[in-house]
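Chain nomenclature is as follows: A, B, C and D, assigned in order of appearance, with residue numbering initiated at 1 for each chain independently.
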Amino acid sequence: MKEPYRWPENIRAAFCFTIDVDAESPQLWRGRRQTSLSMNELEQRRYGLREGIWNLLETLRRYEVRATCFVPVYEAETRPWLLEALARDNHEIGLHGVLHEVVSELTPDEFARIVEKGVETVVRRTGTKPAGFRSPAWEMTPWAFDVLQKAGLSYDSSLSGHDHPYSLDDTIEIPIQWPIDDAVFFRYSGTGNDRWPPRSTAETVKSWLDVCEGIERHGGAVIPTVHPWLTGRSYRIPLAEALLEHARNTAGLWICTAGELAAYHAASPNLGSFRHSRELPVPSSFMLQGELACLSA
Amino acid sequence: MKEPYRWPENIRAAFCFTIDVDAESPQLWRGRRQTSLSMNELEQRRYGLREGIWNLLETLRRYEVRATCFVPVYEAETRPWLLEALARDNHEIGLHGVLHEVVSELTPDEFARIVEKGVETVVRRTGTKPAGFRSPAWEMTPWAFDVLQKAGLSYDSSLSGHDHPYSLDDTIEIPIQWPIDDAVFFRYSGTGNDRWPPRSTAETVKSWLDVCEGIERHGGAVIPTVHPWLTGRSYRIPLAEALLEHARNTAGLWICTAGELAAYHAASPNLGSFRHSRELPVPSSFMLQGELACLSA
Amino acid sequence: MKEPYRWPENIRAAFCFTIDVDAESPQLWRGRRQTSLSMNELEQRRYGLREGIWNLLETLRRYEVRATCFVPVYEAETRPWLLEALARDNHEIGLHGVLHEVVSELTPDEFARIVEKGVETVVRRTGTKPAGFRSPAWEMTPWAFDVLQKAGLSYDSSLSGHDHPYSLDDTIEIPIQWPIDDAVFFRYSGTGNDRWPPRSTAETVKSWLDVCEGIERHGGAVIPTVHPWLTGRSYRIPLAEALLEHARNTAGLWICTAGELAAYHAASPNLGSFRHSRELPVPSSFMLQGELACLSA
Amino acid sequence: MKEPYRWPENIRAAFCFTIDVDAESPQLWRGRRQTSLSMNELEQRRYGLREGIWNLLETLRRYEVRATCFVPVYEAETRPWLLEALARDNHEIGLHGVLHEVVSELTPDEFARIVEKGVETVVRRTGTKPAGFRSPAWEMTPWAFDVLQKAGLSYDSSLSGHDHPYSLDDTIEIPIQWPIDDAVFFRYSGTGNDRWPPRSTAETVKSWLDVCEGIERHGGAVIPTVHPWLTGRSYRIPLAEALLEHARNTAGLWICTAGELAAYHAASPNLGSFRHSRELPVPSSFMLQGELACLSA
């Protein structure tokens, strides 16, 4: 009844390691109307591009895995060595806003300029045009897909409508999963706004490997997300190692970048099968009227 | 001192696997006065009727277990294949509102039309009249039971006043338990309103099996609740498997539907023994006066 | 440097199993100014005096342990069999308000009438005058101790200033501990106000036994708190069993009631050693002035 | 690519056990504009200087480890024996405010007087000038570093920008980590404001040792933080024991005080390598203008 996703021969599932390379930008965007910033949170975040990114890059090199790195312009421009270092190790670079802006809080025009600025920055610093976008906070809007397409991007990686690549109208979606996003488990600002304590690395390793195995068993694509200031922290590197170790030791697993996944999907028989509309349901106020109308009919 | 629940011969406890087949409707109801919806949450929920329900149905077929499925009209009508697919596998179908409306936010008249609409939809699509109702968010009101009875429904499954079927005036209650509701452990919208991170499948399996064993040991009815967009997710199918495996391997356990449980209760000597009033205590403001009056007397 | 608590000969620590026998009253008090109550929460709470208390009493009988039961007047009067059943099994009965009122929200006069009403109810129904009080929500005020004393009560059991009995001016404090209060781990109303999911029984058993062993090792008094609607639930009885099993198997542990602990403290050489004032620090606004004054001096 | 921190010969990492010796002061500061205080929380906190500190001191003596103790003036003055007892065991004493004031809520002038008062108190009571400051709630501001320097203090211990000592302009930072702060896991006031339940000692031991090993493996400095009213509690002493046991059994680990770490950093080749500006990014509102300006250009 459910059509399985069709992979290349001898492949039964895919694995794509992604890094959201944001440091201060989410805090700056969130606090853009405030006069002060938590210095504690800021120093935590800065760790990411002082130590964390090097810990992650070294680990990836050790396992010979290429990651997909979504980098806000702010981080790329304040650390001029950053995009170059990622490109040198052959990692894919995707867009992640200028200042980690939440898309639904922007106008389409503002978002278009932000995407344009991102493309320009990556081309200027690496010579390669980016193919993908990951929405800050993983929040998209239907109109944002049009902006991505006009800018020549081929995929988005922010939603969870399948466990494998799929299409939302003409954009390819490379699906993420909250249970393998490190921010859910490790972010702890200490500012009094936290709603749960940081999870231990060992517990996280266990639960993430369960997710990997579950998706692989069903023939999907495992797409974990890590941050340099969280998983890049010395005592969380074992999470990255466990994932890469698992991927390396799993037969029939295609270790690839998000761009490679998107390109495969675009050229494969899956394209037609897993196509959905990105449109939201009709406004709910209208639905309720419709509902009540149909009830009173 | 405590009267045990009396089961058929050779039976010491019951097991009833229930599925709340809601996808977008709870988000639409909750957001009915808002102009925008989180697309991330929406795509998570849509997974339920793209992939999740098939994962669950395949699992139930493998263990040869019939489930009880509570389906809102919205999902039934936007996926015309849905009720038919559930009926084809011989699962029981119960009501779950039109748009997953919280009963206490409705007038009795609105609720009556919603129940009527639900009955009409199930009859039209499956040819069978539903016997049961599960309240969205498990929140009932005393007057809602009258509505159910007038509509010819025989049971509700939303409350936890016993660990086995019981009666609230003339309605039979098939009791649920929060510690075996998957939404408590797996729902994570990522919208900033979440209060705890998603629990791992493995931890959930462990804690749910403890609940099963505890209820069985005391001669009750184990009634877990899962959702296609949560437990139906590839990496959570092991929870459904663990429950069904457990049920299949437990001697003296009656694997049944909620409707079968309700029919047994209606015809059994338990009916009289476990009868309670559904009425709430007198309004608390009055109680306090009563309290203070009695104190000052 | 730290003086150890002196126990009777051959005793190295104490264990006192306490039950807060509240069902609806905390919800009624909390919702006293609201026009509606969650029926889901109410049915959960009613389970406590339909099934939970019997599960607990049966367990205590099996391990031959006498508990200390703090019962609000509301529950005692709406279930006329309750106090008698507790007394029949020889459990100690203490006060817990009329409607589980939070002491700090009352006037001293209101609190006095509530205590008086509690004493009257217990005497009338059991023939024995209660000796102790446990503050609903474990929140006391300095003036409330005077009320207790005037009413002839000898101990309070609501605070955590030591791991063994101690004195706050002339009242004996039988100390509780949040990490062995079942409400912290098991209460889950489902009303949308919960801040964390219910903890599993197995995890709770492990963490509570650690607390037991820690207190015993330091020569203190282990005083866990359970509720009929929480730990009394069939699948949580293993927590009560684990505690009682542990107590029974621990050499040198005095298994006693809170009243016995208080009486021992009152007659022992510890009375003088562990004496503190119940007075709060001077109002903090004053302290800050004092602080700034001393700084500017 | 990442420069390793250079330790003395035969040393590969450092371990520094720190105690934040606050009892009532954080509650008094937080509640300074309220007319009442939770007596339950207050008694919990008072446990810290009735029992907890002795439990910790005894444990440290057993493992022959010197701790670094950050003590608010309030606790030092209300318990005249306190600083003397810490000094007698040769522990380092650092500053922690007068009333545990959150630095960002003070004016620079107020903070200067608070630091001055702290220095005066420690000198008067122990004869030794303190070298370090730990910011209450671990929240610093750029200007606060100037105040520390003018007062002759050489280090701060409140931020997490590296896993080893580093410099923020002219002040040395001895970095803390939220995942090894006991308040995150053990604080539970019971006042209704708690956002998660207290974690068990055993789980905490496991996750903290993972942090220790992670930092040590990367050649950093392990700097856990405990409080007398939390980890000093009898049943949490096993956490202190596990840390000290681990430190004692780890080859190449330098067990030292924060002051010794700071002195080493000041005199070592690391001083130049790990130097950062303490300045915050330009105000975010300006950044957004800059961003939009650059976008529209």
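Heads up, the rule we're going with is that a residue touches a chain if its C-beta (ideal position, glycine included) is under 8 Å from a C-beta of that chain, and two chains touch if they have at least 3 such contacts.
For clarity, every value in this text was computed on a predicted model and none was experimentally measured.
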If every step must land on a chain the current one touches, say how few steps get you from chain A to chain C. 2
One copy, chain A, sits on the other, chain B, after a C-alpha rotation whose size in degrees, in steps of 5, is 90
For the homomeric pair chain C and chain D, should the interface be classed as same or different, according to whether the shared residue numbers exceed half of all numbers used? different
How big is the gap, in whole Å, between where the Cα atoms of chain A centre and where those of chain D centre? 34
With chain centres defined as C-alpha means, what is the inter-centre distance between chain B and chain D in Å? 49
Got the chain A residues that touch at least 2 other chains? 195-196, 203
Chains that touch, pairwise: A-B, A-D, B-C, C-D
What residues on chain D touch chain C, complex-wise? 24, 28-29, 31-40, 42-44, 46-47, 50-51, 54-55, 57-58, 74, 85, 98-99, 110, 113-114, 116-117, 188, 190-191, 194-198, 200-203, 233-238
Quick check on the complex: what are the chain C residues that touch chain D? 1-2, 104, 137-142, 158-163, 178-179, 184-185, 195-196, 199, 203, 206-207, 210-215, 217-218, 220, 276, 278, 280-281, 283-285, 287-288, 291-292, 294-296
